[in-house]
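By written order: A, B and C. Residues from 1 in each chain.
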Amino acid sequence: MLEKTVSTSYREGKSPFTLSMLRLWRNRLAMAALLVVILYILLALMGELNIFHIKDMASNNNFDLRYMKPFTHIEHLFGTDNFGRDVLSRAIMGTKISLFLGFVSGLLMIPIAIFFGSLSGYYSGWFDDVAMYIMSVIVAIPGMLIILSLIQVAGRSFFIIAFAFAVTGWVGLARVIRGSFMQAKEFEYVLAAKNLGAGDFRIIFRHILPNVFHFIIVRFVLNFVGVIKSEVFLAYVGLSIIGVPTWGTMLDDSKLELMSGNWQNLIAATLFMFLFLVSLNIFGDALRDSLDPKLKNVV
Amino acid sequence: MKRKLFISLLLVVLAGMALISCSQGPKEVKVLHRYVVSKIQPFDPAKMTDLYTASIYGDIGEALFQYKYTADTYQLEPLIATSMPTVSADGLVYTIKLRKDAYFYDPLKEVFPKGKGRAVNAHDFVYSIKRLADPANESGGWWLYDGYIKGLNEWAKNGADYSKVVEGFKALDDYTIQLTLTKPYPQILYTLAMPFTYPVPKELMDKYGDEWTNNPIGTGAYYLNHDETIPDSQYVLDKNPSWHGQKFPAAEEAGTAVTKKLGADVLKKYAGKKLPFVDKVVWYVLEESSVQWLKFLNGEIDFSGIPKDNFDSTVVNGKLTKEMISKGIKLDINPTLDVTYNFFNMDDPILGKNKKLRQAMSMAYNHEKALEIFYNGRAELAQTLIPPGLGGYDPNFKNPYATYNLEKAKQLLAEAGYPGGKGLPTFKYQMYSSSSTHRQMVEFFIDNMKDLGIKVEAVPGDWPTFLQRIDKHEVQLGGIAWGADYPDAQNFLQLNYGPNKAPGPNAANYDNPKFNALYKKGAFMQQSPERDKIYAEAAQIAAEDCPWIMGVHRLSYALEQPWLLTRVFRDIGAGYTKYLDIDTKMRDEKTKK
Amino acid sequence: MIHYIIRRTIYLIPILLGAAMIFFLIFNVVGGQDRYLYNMLPKKVRTADQIEVYRHKYGLDKPLVAQYLDYVKQMVTFNFGKSESRKLPVTRLIKRMVPVSAALTFPAFTMEIIISLVLAALCAFFRGRFIDKLLTILSVIGMSISMLVLIMVGQYFLSYRLHLFPISGWQRGIYAVRYLMLPWLLWVTVSVGYDIRFFRTALLEEVHKDYIRTARAKGLNETTIMFRHVLKNAMIPILTYVVIQIPFLLTGSIMLERFFSIPGIGSLMVTAIFNYDLPVLKAIVMVYTLFFVVFSLLTDILYAFVDPRIRLS
């Protein structure tokens, strides 16, 4: 309040990005969602660093404490599973895998999408034809079929799974980038840059790419949602990562445990996954809305 | 307009539902409900490798022999044959007489339009055995006969001409088969009880061409009801009106274990009663194990085998849940004819050459704990590769390496030249499945070896990869199981027979001349105490050499509804549905909500 | 227009070749020939001779290029041979299973679209009001639930505990409806969330266009604006969104089919992958790709139909 009266004479103009971030900042729900996401990241870190023995409790068998019911013991809040491992710790370790899968597949996917999208949008010509062809082929096969086949054939390792998601996931983003580039290269600022002698590389990366940045970041956030849901499916068909607790494997394990009244795996994994997905969805939506200049004025 | 459409649609749906609920007719039909856990393969006996297809087909067709239902051990009795065969003195020539009243029953009346159908004869059996040998059929049962029947291999090699006579398997007259072997092979009688040898009429193939496997025609107690069967969803079998008939075995024939299971009064009550008891058998295809459970608990299924992988979570510590007890559900546990094991690759320059090392690793493996964790303590620790219940099993033999003793293991390891595991590379354990149980077992193995100071690393892979690497002799360590095809220990001993090295069934590539000689001598002798002694000796030699770390002989867990009356567990053989009876009144009462 | 359709149809060929190439690469090159081979060998006992016989029989001793051409030949002639895992002709399997899958997915999809269109229109109409907020929250929740959890919980409580639906099963013809109720319900529950959000955005984007403002200024009432203008013009993105999903319906729903014992194609697809059942995979890829290309062509034509500004060239 006080400041406002002082700084009047000149005010620095804010970049659209800053404005977007401000809009986002004002969205309380989105900020709460972001907080939850950050909490999840911290949890995953804690699990990885074995703070409070989370990692040990998630992996060490303890056959004297099999199938403890949830919410009956403080030290095993969500109970224990078939092998006496703490279900809560396993859910936390599952967070790590989900985050990591989403992150790595996002990182793999984005450069491919940028490469094909920007070059084919900018240059047209034969490169565009080739890129469009590759994209049409990938889109024309059910994505899950490619993912399942790749994992089945190449093995159930973490990187293969992340790679499989990236291989099928980049096309959508590349198409959007391509579209934007095709529009942008006709804009005056690009022509101006060209006339000023800027090279193609500079125009692509310095001038046009920042304008499609919001697509990339939103896609990156929402990629987590897709990957986490797909991981459950992979676990269901028996193709998830071996040897580590994931939310999908926990849910899959719980399939039969329900019959003997053991709901702990289901409850823990569902709760963890649900809260995370809700937060990601809310945050992703808000991010998209605040970054998209078209929606600036939409309520 | 749209509303009208909606209302009429709703009416159609409601009418449909009403129809469904009224479809039960007034006449009481005894229906038995069973399930299979995977989709069914075509009904072609030559390809009857799939357990689930065989269990459905098992009731439609019939073999020459069958296993006695109420005996404790697996003993053959004639089925389409009139009696057990006469065998020549040298054990090479078998003569089998057939009954004349076993008819191929055709429910559609397209192949055999008249009455009971056509009586099965010796030529049908000759034709069917040729089909097994014909390379075009890629039969999964051929290995059972490969090289044993005189002239059959040559017949297959020379173009598989069905008009040519095979010296070793021919019809002497319409109802007599003569079987001539190239070498003694007493196990062949067991194979003549397997669904592989169910006769198929040639007319069936002539009529339908490639589609014939959809229309199984057999002589069994049931036939496939084409109207109610929906492929991949449910298979419905009805009582065969022209079946030759059979009676429930007399009470005196029952073994002690079976008597204990069914109760002497039940046995007495059923003795001599005409089979089959139920009029209709419905097999549901339920791929999802949780659905099998829900349907079972809901009384929609009459008995359920608990998948070996999963009994843990449903029957915790071998006990039924309160809910199951209150519903009167019974748990039936039986030993099965199988053995689980971890094997060493005997061609490996380190593992194969050092017996002490293998023995040390075997003793460091916590057999007792594994039994507790993975089988709830409800299995038998394997001492040799022969499971109890087979000739050659020696109840007094204790394998010194099939028990956990870390101190002794460490000592042996030092004697082997690797004290504390020093100087050993990291061994690779080849996995073949992503099931959580398999994963846990591998992790358990690795943990055990770590205590000994030996590093083992798991190599992920699927089943074909696993087989392929075994065949290339690349698998250092692996863990599998073998289930009996027929009740003879030869079926197990062959797993350690040198000439059977991979790609044969001897995945460990174990090759001990002494063992080989004993196998060769004993495997094809007629059943006798002398032969059993040879079997036992061979098994103990292999146990001492430790090409395997012994696992367990597993148990079968099955749950039965209280209204299921005459079920006996049978690990091998097919076509047992005819013996089953249910108390429909009790079922109606119990399932009424 | 006709010229355009012909050109697009010709473009189908390289796409099919590419799809064949992807699967060839995955299974025959990345996976290795032998794995495929081993999967087909009789289970219990193998011999070295037998392996070679099979290798020859399945053409795996040919050079890779020749194998790829075999692949293409099968796809073009629609002659995929017999399924390795089911031992039945692939075309017969597909003919039998696709209608079953369609009986599950098409009604479910139709309900899903109708319900979410209505709800999205409600959201757009009452934007910012309570009902909009409530529906938005519900759709986020719907988007965040896992199908697997929903099926397990639904089947356990609704079918087993409350006996509202049969646990699982299948019948021919209209009787199947009884068994399809719960799968439909579950399908709609997990998928309306995405649709509502998409449709709402599509409608709102239209709402904020200048001509709507003009219409409003002109004094048209909200209902007329909503139905005459907004809905009509938002139809383009909505139609695209709907039509492009139709080919996917043919592949069924793997989880629903397996949990409810519905003999559709989805579960065949998964078994095919596990068993290296290439004939089945080739056929599914072929059929799906064909439908996909046809339907995306259809979308383009629809586009031109709905919006006269768009010219197909």
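FYI, contacts are C-beta pairs under 8 Å (C-beta built on N, C-alpha and C of every residue); 3 or more make two chains touch, one makes a residue touch a chain.
Everything numeric in this text was worked out from a predicted model, so none of it was measured.
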(request) Hop across touching chains from subunit B and tell me the fewest hops that reach subunit C. (result) 1
(message) A-C versus A-B: which interface comes out with more C-beta contact pairs?
(response) A-C
(request) Would you kindly say which chain has the C-alpha centre located farthest from the C-alpha centre of subunit B? (result) A
(request) Could you please state the distance in Å, as a whole number, between where the Cα atoms of subunit B are centred and where those of subunit C are centred? (result) 38
(message) From the mean C-alpha coordinate of subunit A to that of subunit C, what's the distance rounded to whole Å?
(response) 23
(message) From the mean C-alpha coordinate of subunit A to that of subunit B, what's the distance rounded to whole Å?
(response) 47
(request) For subunit B, jot down the residues that touch at least 2 other chains. (result) 288, 290, 294, 297, 462
(request) Return the residues of subunit C touching two or more other chains; collapse runs of consecutive numbers into ranges. (result) 35, 152, 156, 274
(message) Counting only residues that touch at least two other chains, what does the list for subunit A look like?
(response) 152, 238, 255, 258
(request) Provide the residue numbers of subunit B that touch subunit A in the complex, in ascending order. (result) 288-290, 293-294, 297, 310, 312-316, 321, 323, 372-373, 431, 434-436, 439-440, 443, 458, 460-462
(message) Under the stated contact criterion, what part of subunit C meets subunit A in this complex?
(response) 14-15, 18-19, 21-23, 26-27, 30-31, 35, 127-128, 140-141, 143-149, 152-153, 156, 197, 204-205, 208, 248, 251, 254-255, 269-270, 273-274, 281, 284-285, 288-289, 292-293
(request) Sort out for me which residues of subunit A touch subunit C in the complex. (result) 133-134, 136-142, 145-146, 148-150, 152-154, 225, 229, 232-233, 236-238, 248, 251-252, 254-255, 258, 266, 270, 273-274, 277-278, 281-282, 285, 294-295, 297-299
(message) Could you list, by residue number, the parts of subunit B that touch subunit C in their complex?
(response) 12-13, 16-17, 19-20, 39, 41-42, 44, 47, 49, 135, 138-140, 142-143, 210, 213, 230-234, 284-288, 290-291, 294-295, 297-298, 300, 462-465, 467-468, 471, 485, 503-505, 593
(request) Could you please specify the touching residues of subunit A with respect to subunit B in the complex? (result) 61, 63, 66-67, 82-83, 152, 155-157, 238-240, 242-243, 249, 253, 255-262
